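Structures are listed in the sections that come next.
In the two complexes that follow, chain A is the common piece, with chain B as its partner first and chain C second.
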Partner chain A sequence: MKSHRVRFGIILMAACVLAAGLPRSADAAGKLKIVTSTTDLAALAQEVGGDRVEVQSIARGYQDPHFVEAKPSFLLQLRRADLLIVVGLQLEIGWLPPLVTQCGNPKIQPGAPGYFDSSQFAQILEIPTAQVTRAMGDVHPLGNPHYWLDPQNGLRIGQGIAQKLSEMSPGDAAYFAERLKSFRQRIADAEKRWDEQMKPYRGWKVVTYHRSWPNLATRFGLNVVNYVEPRAGIPPSPAHLVELIGMMKRENVKVILVEPYFDLKTPNSVAAQTGAQVVVLLPSVGGEKEVTDYFKLFDYDVNLLVQAFQAAR
Partner chain B sequence: MEILEFLKWPLVASLIIAGIHAYLGVHVVERGVIFVDLALAQIAALGATIGVLAGLDAHSENTYWISLAFTVLGAGIFAMARSRHAHIPQEAFIGIAYAVASAGTILVMSKAIGETEHLKDMLIGNILAVSKEEVWRTAALYAVIGLFHYKFRKRFLLISMNSREAEAQGISIGLWDFLFYVSFGFVVTRSVAIAGVLMVFCYLIVPSVGAMLFADRIGPRLAIGWTMGTLVSALGVFLSVMLDLPTGATIVCTFGGVLVLMFLVHLAVHHGRGARDLRGARSAAPGQELTRE
Partner chain C sequence: MRGPILLACVLVLLPAGARAQQPEPRTESQEERLKALEERVKALEAVIAELRAVKAAQAVPQGGMATEVAPAPAPPLAPSYGQLGGAGGSAAKALNPDVGVIGNFVGATGRNQINPLRALSLQESEVSLQAILDPYARADFFLAIGEEGIEVEEGYVTFTSVPGGFVPRVGRMRAAFGRTNSFHNHSLPWVDRPMVAFNLMGGSLDEADVGIKDAGISVSRILPSPKGLFLEATGELFRGDSGSLFKASRRSDVSVVGHLKAYRDLTENTNLELGGSYSRGHNDLGSGFITQLYGLDATLRWKPLRRAIYHSFAARTELVWSRREELTSTQRAFGWFGSLEYRLGRRWYVGGRYDWSERARNATLHDSGGSLVLTYWPSEFSQIRGQLRRTRYAEGQTANEMLLQVLFTIGAHGAHPF
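Entry: the complex of A and B
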């Protein structure tokens, strides 16, 4: 299954490289070329940009956006971009900055008009208020970068992108405003539906694998009481696991939320000892084949959460 | 093609790496310390991690000096660990150093705040993102180390190929081993930062092994090794563009594939008797030191 997807990806990418070598078609010439670091931002840019833009994401939806292997085609994509949209808050710090420097495209360098940092438009959680110290554990010094998992932030980012696109292509400003209006309406409708589904479970306690879900949890009123692996990539200490299992039993926590790219061994063993369920939520559009846009991402996650809570009841 | 412009510096970088590593690889294979580069790279990473723990930026000058200090320390350990009577194989010490340094890095990371992404990056490397300045700085460093090795080549080669003879001539094995591992550590730390451990390992070992399939004398072995390193770099970068695969990993697999081809040619050419005429590395036949004619 996975190797199939990988092979398909390779073929697709090879095709893109070949296609990129050909002269640009007249029809693509007028479109703004947007490159995003993640699929979620690509989905948002597509919502407001419609058919006036051409959007490509560098990371795939099933990849951990902290770690992406650089390929030659990424440099070509960046080279040809009119606009680069990033998550920011150091999420892509391990791989994107050298590629942006190397691609030699002055339009999308940090600080240039073609560099769009979405985090400046979103509501950011977990911003350290005091000086970051070692005692605080694994803290993102600029705040939690998984902020797109709140539909309100999706809307805020969409607004920012619409404004940016209107500046870059003033002739299409009315079109982008219309797209944004429709996006806002559809978000409002969808939020009603998601709120309705999640309403019975407001205030429920959950454990998450890592600090990736504060925005989703806050938006739907879930209470994240602890983490399986407080630091990404470092196996939890035995003392932490004992404390976690004790806490889950005491406070009757029945759900552990995990991202798809982490190993399930530790969460499964914690679940086995506490009678909890491990739920693999999707953090990004494209993580599963059917999750093709920003709305389907929340549909997918909300459905999984509701199923897990129902089973726990 | 537009893409060639981007690949110019990665290709130049891999050619520079191929140049010095194919030479150092001859020493490493002769000495039978195959994994010494992994161990030194890991020790350097441990140093950098401690720098980050102390509150330094992962890419700052000071972090680089700390990781270099650790490399020198590692070089000292490996120089001392050579036991004259082969009582304990040196490879054992190298393995232990690697395991302890890796685990130490994990422990230090568990105490550091954030920024662990950087440190994983240190051992993975990203040849595609190498900058022109990095390439020049690396070339200058390797030129200095290359000159140093060229000046003392007789001594280094004698110790690598026949340490007893070197000792009989009154050469201080401990001192020259230390100098060898320090210079080697400089090169490996730099190369790993650019290309990552897997690629550096291949550039070090595969050309040397490939050359030994066809030649015994150092001159021809170096010539074959350099040719192989250069051709595989170019082929690997080309394949990575054509198939759009991660460049480093593609080069590593190309090395593997080319070595298999060379082995098949070796079988065809040296079938039977001929192959046995090759003496191979000293490290492949412990206790049977070569005498130089």
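Entry: the complex of A and C
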């Protein structure tokens, strides 16, 4: 019996020593390794980090960020990360915490210097002021987490990331400052363009599938009057759809905005009965192949909105 | 914000006051009032200067970053000036753990004389308490409250900041043997656990929840591997008490579990996971009698990312070999199950499972069975499941049963591992 225990102890120790001694992959170029939960944060990190960072996103741009599977392959990204950038506000609560716990990387644990919650830098809308219950659906008690869909929030997050990168790599601080300056200027130029395009349609009423668009709507003056989902995360019931169709007819709502990961059957049915158009708007970078950065995301969405409003005139 | 407004008011009022006082010499009280106002203006100027300095420090990162950026609303950890006292008592609740309760109601109809379930029961209420412990660890408790008592199903601390990529876990936990052993009852894709878990991994008529779970230490680590392949090794040392599987008669009768997991994304939507497991411990016949388990598991998953909330598919199988030392012989038993699940839509799942298993104490006996499962999800926080189960027992009896399960969750419940 004793020999069994001794043998087990030796095997366990040998396994530990062997595993510990195995080399981790070298950081050849000396770049900061950044992992983000979504593609939008990856795009922002890339804007200010430039070629001094290596950025990977866990979720894809055409994926519902609420329901990402916590695949073990993501652990391979996280275990080597110097910085983890998250949306926060419980958007990733269903999948990210076990990955972070299991990855064995002390640098990116919550509270560690390598854990960066972008929501701390952004203007958050729809923060509940009364008691929150699940009767409201899958409500986010800390506020709406789709805040990156306001270019000003993108700029604020970019500023926060630049500051964090400068802390982590002080030698590159001037480089990050220059990148941020360029990003700010390009955002300012692009906002003038987007504002000009959207100006004729300020105040227009729209219906959206999920509550993904409050920041975008507020920024460009759209009026979200109702939702296809009766409550956040709850599939539409026939009674709700009847009510929605009646309301859209009364209020003359001609545009339904839908995220790319929702089935179009119900929105199409509502559109057919109200004469509205269904617009598959992208909430994230990478939602379509050509939308490869933060600017192209707004270019794509603004163009789609303008086309839809023009057609509805 | 209040400071500048006050200052502006004072600045507006002051000149008017001064002009009004020109014709006549100031009285003593007016002089005092003026001095007081001057003092206040100076104090407010000092506050404004301080606030500007703080704001500038937040706006200018290291390395001389430019300042003309969009103002960030209420940055975190910003020093608060002019606030008296700390946060209210309710703020301390922010440090309370996330609390959730999952009710697992099970009903059964049909005939089963070998291993009958109760007609109706709240089989388990799982209370979860989860929080980050300190900068180095997090703690998770799962208390299983049955109709007749309470049990710590799991309660462990996970050390998240250990060097070398090791992730140690200490406490009571479900062992990393196979794939489904580590699942909690409510996260299984069936109402019951597979027959092989009951027959070879410590099943008991007295306990609905079977499988290897014990108090001990677990250490896992991701192993270096070729690109695209995920390898993880887990070693666990337990006290040696787990249902009817392991029994520690002496302090030294510990049990061990080892697990090696290999995972690969075949495509963006499809992945394959393979695992090998080993466990060894002393059985209920005494310290001199050993039970060993060997396991293999495989899971193939498909979930299209663009329609992940509507469709998915999973095929899984687990094979277990048991070697149990008895008084007069060694029983070598084998069992396995295979299952399929398909998500039909946002709210509906359909699945099936086949079971076949010999019995650990008498491998000449074997049971087999099959199940059809239909699950309805009203929301993420509740589900209703029906399972039509047919079991052929070694005793020659066949049990046809309909199981009904209602799961309901309140509060916060943390995500489950993949």
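Operating definition for what follows: the second predicted complex is superposed on the first by the 275 of 313 C-alpha atoms of A that agree within 3 Å, B and C clash if a C-alpha of one lies under 4 Å from a C-alpha of the other, contacts with A are read in each partner's own complex, and residues count from 1 in each chain.
Convention: a contact is a pair of C-beta atoms (placed from the backbone, for glycine too) under 8 Å apart; a residue touches a chain by one contact, two chains touch by 3 or more.
This structure is a prediction, so every number in the text was calculated from the model and none was measured.
J.: Examine A:R184 and indicate which partner it touches, taking first as chain B and second as chain C; both and neither are also allowed.
T.: second
J.: Kindly classify A:P238 by the partners it touches after superposition: chain B alone (first), chain C alone (second), both, or neither?
T.: After superposition on chain A, A:P238 lies in contact with neither partner.
J.: Figure out whether A:I93 sits in contact with chain B (first) or chain C (second), or with both, or with neither.
T.: Both chain B and chain C are touched by A:I93.
J.: Quick check on the superposed pair: does A:E69 touch chain B, chain C, both, or neither? Answer first, second, both or neither.
T.: So A:E69 meets both chain B and chain C here.
J.: Could you tell me if A:A174 is touching chain B, chain C, both of them or neither one (first, second, both, neither)?
T.: After superposition on chain A, A:A174 lies in contact with chain C alone.
J.: After the superposition on A, what does A:P260 contact: first (chain B), second (chain C), both or neither?
T.: Only chain C is touched by A:P260; chain B is not.
J.: Determine, under the contact definition given at the top, whether A:S166 touches first (chain B), second (chain C), both, or neither.
T.: second
J.: Touching A:H140 in the superposition: chain B (first), chain C (second), both, neither?
T.: In the superposition, A:H140 touches chain B alone.
J.: Between chain C and chain B, which one touches more residues of chain A when both complexes sit on the common chain A?
T.: Higher number of touched chain A residues: C.
J.: Using the superposition on chain A described above, determine whether A:R60 touches chain B (first), chain C (second), both, or neither.
T.: A:R60: touches chain C, not chain B.
J.: Overlap of the chain B and chain C footprints on chain A, residue-wise?
T.: 16, 67, 69-73, 75-76, 79, 93-95, 98, 101-104, 134, 137-138, 233-235
J.: Tell me, which parts of chain A touch chain C in their complex?
T.: 1, 5, 8, 12, 15-16, 19-20, 22-25, 60, 62-64, 67, 69-73, 75-76, 79, 93-98, 100-106, 109-112, 120-123, 134, 137-138, 152, 155-156, 159-160, 162-163, 166-167, 170, 172-174, 176-177, 180-181, 184, 233-235, 260-263
J.: Which bits of chain C are touching chain A when the two form their complex?
T.: Interface residues on the chain C side: 59, 61-66, 68-73, 75-76, 132, 135-136, 138, 158, 160-167, 219-224, 228, 230, 232-233, 235, 237, 252, 254, 256, 261, 263-265, 268, 271, 273, 287, 301, 303, 305-310, 346-347, 379-381, 410, 414-418.
J.: Of all residues in chain A, which touch chain B in the complex?
T.: 10, 13-14, 16-17, 21, 66-67, 69-76, 79, 90, 93-95, 98-99, 101-104, 132-134, 136-141, 231-235, 237
J.: Which positions of chain B touch chain A when the two form their complex?
T.: 1-3, 5-7, 9, 53, 106, 109-114, 116-118, 120-121, 126, 128-129, 131, 240-247, 249
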